[in-house]
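Pasting the structures here.
In what comes next, chain A is part of two complexes: it sits with chain B in the first one and with chain C in the second one.
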Partner chain A sequence: MSLPKPVMRGMLAKRLRIHLPLAFVVSFGLALTYKFAVAEPRKRAYAEFYKTYDSIKDFNAMREAGVFESVRPTGK
Partner chain B sequence: MAHPSQLGFQDAASPLMEELLHFHDHALMIVFLISAFVLYIIVAMITSKLTDKLILDSQEIEVIWTVLPAMGSSQIAILSLRILYLMDEINDPHLTIKAMGHQWYWSYEYTDYQDLGFDSYMVPTQDLTPGQFRLLEADHRMVIPVESPIRVLISAEDVLHSWAVPSLGVKVDAIPGRLNQTTFIVNRPGILYGQCSEICGANHSFMPIVIEAVPLPHFENWTSLMMAEYT
Partner chain C sequence: MLHLTAGRVGSLLARRATAAFTASSARMASHGHEVTPLSSVPADVVESVDMSQPMYWDRVDLPLPDRPYKDTLTATDKSLKQKEKGPWGQLSKEEKIALYRLTFCQTFPEMKQKTEEWKTVLGSVFFFLGFTGLVVWWQKVYVYPERPRTFDDEWQAKQLKRMLDMRISPVEGFSAKWDYEKGQWK
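So, the complex of A and B:
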């Protein structure tokens, strides 16, 4: 009865064949996650904000709150 | 202004700062990609006793790890050039203001309005009213009209200072004997804060910049009142 010959070569190459593609997948996955979880929502948030932004209304609200020094609230 | 424990940029108040935000997101995405890849490889190498005794003449891998980083770098470089040239565009400013750095205050000159000029000192902490921000408030704010291109000419009277407003993406050195120029447009009305950004002595941390952006009619009213007082 003879034992099967153990694997003696190519172990590092086999490991690299698994881990190198996996490294690309993980790193691109992380990059795409950042892009679609942070970068694209930020662009959309700015676009949505300015679609319905009324600068005069915003200004009047701040004016009445008294935050400006160059413009006093109406009635003062 | 920044809020406590803030890590990212302040909300953009100018189109250029919005572009800078998006470019930063793009560059950071590439940084995360490279860092994750390198970290994964490091962990994969450390967690194995296998080594290669015959690392010689690996032309294929050399080409790959030259070309891939070059592609990644070019991704960053091309977009950065776009925003770099965008920052240098001169867009026919409607108003020119001179900001002069002194130890330890800023002075603003509105020479479009009959030599209107005034100094802007920090409001000391003990004089703050409720709702004001410590080390950020100034006694006289630089008032500008919204949605108008503004040119600011920056210099200094004594030592180096730097005129910086993060929410506009502006930081320009104030150098004695030199006139630096920046232009920006403020998208929306409000109060924008900045601080001196070049070490200039004992009170470097105590010479803030406060910009008040208001609609044009209110800006004109303000200039009339100020001219009556300061010219």
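So, the complex of A and C:
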């Protein structure tokens, strides 16, 4: 009939000791993962693309394909 | 045709509703009969429960009901209750069990007995999914308008070509995967 006294107080604090730092670590970890797995490669891809991008050539190609309404393809 | 199906569903719904109600009330009631405030009177005599009186129930989540199961005690019950007022070490095992059964109808293991309700639930779910299929089929025949021309393969091909001509997502997405020199996918 002599059971050990159960835990009466401090349960939230005990839980938060572990889970609060863990929450911060996981959040920062996920944010950093996103930054280095998604954001940085995307920025690099755009930078690379625009290094060798000739917008006038692209415009003329689109014009010939006939997708514009302001300019018709040449030779019409 | 519609009022026939409505009638069929109506009777089915009534049966399912009563099945659901009896299943849930069976959890509150004991084995075969409804538990009423007058616990010695079976349910087919007393139709409705007087909700203004303390009620008895068998529930796992609310383990202590408002009143004991048997509140009309016989003489032997009363003498047992008197004996209960003394030291409990003097009660025999059968007496302890009898005292329990005076206060409670079902034990926890009896309450927690698994039922076959899941079969009814699953069967009803499948049945109504099937019925919905029939409804959708009827709708396809009588309700839906004709298929838009944008779904045709020819239209989709033209749409794809136009997207490439417009250079949709040329950096990382759609047009980036098309080789404009060779005229094919990279």
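Rule of thumb we're sticking to: the second predicted complex is superposed on the first by the 59 of 76 C-alpha atoms of A that agree within 3 Å, B and C clash if a C-alpha of one lies under 4 Å from a C-alpha of the other, contacts with A are read in each partner's own complex, and residues count from 1 in each chain.
Note that in this section a residue touches a chain if its C-beta (ideal position, glycine included) is under 8 Å from a C-beta of that chain, and two chains touch if they have at least 3 such contacts.
The structure presented is a predicted model; accordingly, all values stated were derived computationally and were not measured.
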- Message: With both complexes superposed on chain A, which partner does A:E69 reach: first (chain B), second (chain C), both or neither?
- Response: first
- Query: In the superposed arrangement, does A:A31 touch chain B (first), chain C (second), both or neither?
  - Reply: first
- Query: If you stack the two complexes on chain A, which partner ends up touching A:R17: first (chain B), second (chain C), both, or neither?
  - Reply: neither
- Query: Now for A:D58: first (chain B), second (chain C), both, or neither, which partner does it touch?
  - Reply: both
- Is chain A touched at more residues by chain B or by chain C? B
- Is A:R44 contacted by the first partner chain B, the second partner chain C, both or neither? neither
- Query: Common interface residues of chain A with chain B and chain C?
  - Reply: 42, 46, 58, 62, 67
- Message: Using the touch definition from the top, list the residues of chain A that touch chain B in their complex.
- Response: 11-12, 15, 19-20, 22-24, 26-28, 30-31, 34-35, 38-39, 42-43, 46, 50, 53, 55-56, 58-59, 62, 67-71
- State the interface residues of chain C toward chain A in the complex, per the touch definition above. 162, 165-167, 170-172, 180
- Item | chain B residues touching chain A - in the complex, by the definition given at the top | 12, 18, 21-22, 25-26, 28-30, 32-34, 36-37, 40-41, 44, 48, 50-52, 131, 140-141, 143, 146-147, 187-191, 212, 214-215, 218-219, 221-222
- Which of the residues in chain A end up touching chain C in this complex? 42, 45-46, 49, 58, 61-62, 65-67
